[in-house]
Amino acid sequence: MILPSDTTKPIYVQLAGWLENEILAGNLLPHERIFSQYQLADMFNINPATAAKGLSLLLEEGLVYKKRGLGMFIAEHAQEAIRKKRREQTLQQLIRDVVAEADNLGVEESELLDMIQRAIARRKDDSHERD
Amino acid sequence: MNTLIGIMALVIVLLIAGRIINRIVSFSGRRAWLLIGGYLLLLVITVPLIYLVPEARKDVRRSEVVLQAERANNAFISAIQQGRLPPLEHMHELSSWSFRYGQPELKLRSFHWEERVQVLVKRNPSLGQEIRLTWYSTPYLLLEYPYDFTHLLALPEVELSDDTLIIRNLEMRMKKELIHFLSESHMHSFTGEDRRIYGPRVMWGQECLYLEVPEHLRISASDVMNLIFVEE
Amino acid sequence: MNVIECRQLSKSYLRKRALHQLTFSIRENTITGVIGRNGAGKTTLLKIIAGFYRPSSGEITVFSERPFNSMKVSQNMIYIDDQITLPTSLSLLDILHMAGRFYPNWDHDLAARMLDYFNLDPLQHLHHLSKGLRSTFLAIVGLAARCPLTIFDEPTTGMDAAIRKDFYRALLKEYLAHPRTILLSSHLLHELDDLLEDVLLIDRGELKLHLPVDELKEYAVAIIGDRELVEWVIANRTVYHRQQSGISRYAAIIRRDEDVLEEARQHGLEIAPVSPEDICVYLTNQTKGRIDDVFDRTES
Amino acid sequence: MMYLTEPSLKRVIWNQYLFKMTALPGLFTSLILTQLAAFALSLDGTGGTSIGFDTITVRITHFSGDLIFYFTLMWAYIAGIMLTIRQYRNADFFFVTNRWTQHLSTIALLLTASLYAGIVTPLLGNLLRLVIYWSHPDNVMTAIAPRPGELLLNLLITTWYAALLSCFGYLTGMLAQLNRVFVILIPALIIGSVYVQDSGGILTAAIRFYAGETSILLLSVKAALTLAIVYPFTMLITSSLEVRR
């Protein structure tokens, strides 16, 4: 498996992001055992120490918990916590970047809002078609 | 031109040999060990083979052979001096011939006669119309080995033509290559064997032609042949 | 537990200094990349660890023993490089059988399967293989030996990209299934940085860095923007590299430092990560200036 | 988890010995080729004498396995040197070994090769006699087969000499590995000592020491003692030699 290539971030950060995505998408449910560092190393062809670092990022944020001798498990409210974190941090940062770029390009505020609304509409259409 | 071809042939032989050697040296695994084991086996087989060869190991006692030859020589000389036929033990009978002959007179003629060969003539009443010739010799020895090579001597040719007995002693009696196996030099200090190779010393044999004729035959011979008439 | 410990390790030949005062230790069951330019002393260091060479001064222990002439080290270590010449009479299979006699953890099945995978005929001979296949075969031996200390000195010489990838994958899988201490030397880092845990960077016989590869990735940053502004922001810092590209794109690479980054952000300068590969190149640059300078001078 | 294994010296030496036996059959095949060359040259005899008198000429050709023996000794010396070249020593260190086990297994190999040489050399002498006999059965004037016991004696002597020569070869090679100076020095010493006639020739004295021996038991003792001194000496002076350079 190959991680979405984002060479600006260290691999363990990318790995943590991938695991968050999995939790967010509901592929990993609360109290389910999460991949071990060795499984992750095998899956992504990385050193297990790097994989362990990725896992410990999740542990620090309380998204997973440890059971002695059994491994790590998804925390009860992991999905919500991730959603909240992403809203507050990631999305905010993205919006800041969009605004900054629009400013660089001389895009007017109304024009930018219009562009955002159009993007939302297109996404809705796409999901209708898929249904 | 010939040397050029020779050199080219040599180069080709060397190239082929080099290639074969290369192949053998780079033998590996089973093939190499087959070669190594096969070589050993082949050589081990020589042990029974060499002892199977007739007379593989003739252990001659040197002193005895030489002594016998010396005795035979002495006996020969004293017998000739006394006008007798030497004792026949230790003498080699090289060859004998016999002819029917009815005439009263016999001439002896020779070619390449060696004067040292005695001609002993014996009148034998019991022979009616027959003449007999016998060629005797004491041993010829290569002293160091010791090796009796008397049997290798070439024989004279004898032919009766009308009233003449022609004896052709050969121009070359013997030209022989002999083979001697030396034990390896590194063994000699242990076996006490004499390491040195001598130029072979030869003990020459004494030869005589013994001629038996009917009682009243007249005999004449060329000057080189010294006839000795023996009694008994 | 440390498998290798070096203190002030030095090695010199006649007049030439090969290694100078190296002090480091390698933890058990880690994959460490020994990185450096050609002639930096990687091979000398690895061969001292393997017990082939004797250190001139300083101390080294491997499995708590001095490696030179140590039976214990030899028995628990395998050293793979492409310099080795084995007797030509041995077939690949013979070599595998021999390795099986010597190395107690040897996995013959694994070696045979890998031979099959890489289309290596077991009855072939090592000296008939191409450089790449030769390296592949030796790498297989190195993996199947399952030695507690496995040393690969430039193992991928001559391998093509696909085989290199396979080899790194095999190495990782073997390591996951049977953890062991692995030293991997290379003058290139980018292909194997995911695989490594630690990096040991050697330059001209001296130890430049020894740290986890994840930290190496954040070791340095590039600050890009207007030349004067960049120079002002990075004033009094150690600069590993400076580069002018285009008219207003001037880049300086410095040690990561939050104060500098904050200042750079405030001045609207671009901040870019530097790949571990590039950091190693900048840290070990021994040429005078840059290759570009050679041409600039001849042109002017 | 990987456990460290404790080495057993005996096992390692045995493995190294097996490795060398399988990897270096050339050591033995080169002996075979050397001996066959000597055999071919011996077919002409090692010397001859002739005598003529009037009408009788006798020429005696002497055949012996001397040449085979000396070629074998030459092979043994070169074999000893060959095993010291870097390529072979490096190959040993591809597998498990230290300098002691490497030396000991090589010595075992050289002794095995010496024993093989000791067995085949007198036997090839036998074959020479047989071949000569078969090609000229009438001209052979002395015994063909060696005296009982002579084969065994020859075997022992050849084995000891081959062991000694390969041991000296090993020392020579190792000295050359230590310092290139010896590559020139050793041949110079050997040739020099041949030309120094005034009884001080070390080489002639050495040869007399072994070749002058009259008892196989004493030769065995001398040779075994020599091996027991020269090999450890070689091991000692090369104990800090670096490998896989």
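A, B, C and D are the chain letters, set down in written order, and residue numbers restart from 1 in every chain.
Everything below uses one rule, namely that a residue touches a chain if its C-beta (ideal position, glycine included) is under 8 Å from a C-beta of that chain, and two chains touch if they have at least 3 such contacts.
All values reported here derive from a predicted model rather than from experimental measurement.
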| item | value |
| --- | --- |
| Co-neighbours of chain D and chain B - touch as defined | C |
| Maximum inter-chain contact count - chain pair | B-D |
| Whole-Å gap separating chain A and chain B, where each centre is the average of the chain's CA atoms | 113 |
| Between chain C and chain D, centroid-to-centroid distance (C-alpha), Å | 47 |
| Inter-chain centre distance, chain A versus chain D - centres from mean C-alpha coordinates, in Å | 76 |
| Separation of chain B from chain C, taking each centre as the mean of its C-alpha atoms, in whole Å | 86 |
| Per-residue overlap in chain D, given as positions that touch at least 2 other chains | 22, 25-26 |
| Residues of chain B engaged with two or more neighbouring chains | 26-29, 32 |
| Overlap residues in chain A, where contacts from two or more other chains coincide | none |
| Interchain pairs in contact, sorted by label | A-C, B-C, B-D, C-D |
| Touch list for chain C against partner chain B, complex | 88-91, 94, 125 |
| Chain C residues touching chain A - in the complex, by the definition given at the top | 30-31, 168-169, 172-173, 175-176, 194-197, 212-214, 217-218, 272-273, 275 |
| Touch list for chain B against partner chain C, complex | 26-29, 32 |
| Of chain D, residues touching chain B in the complex | 22, 25-26, 28-30, 32-33, 45-47, 49, 51, 53-66, 69, 116, 119-120, 122-127, 129-130, 132-133, 136, 139-147, 150-151, 153-154, 157-158, 161, 211-216, 219 |
| Touching residues on chain D, where the partner in the complex is chain C | 1-7, 9, 12, 15, 18-19, 22-26, 87-88, 90-91, 93-101, 239-240, 242-245 |
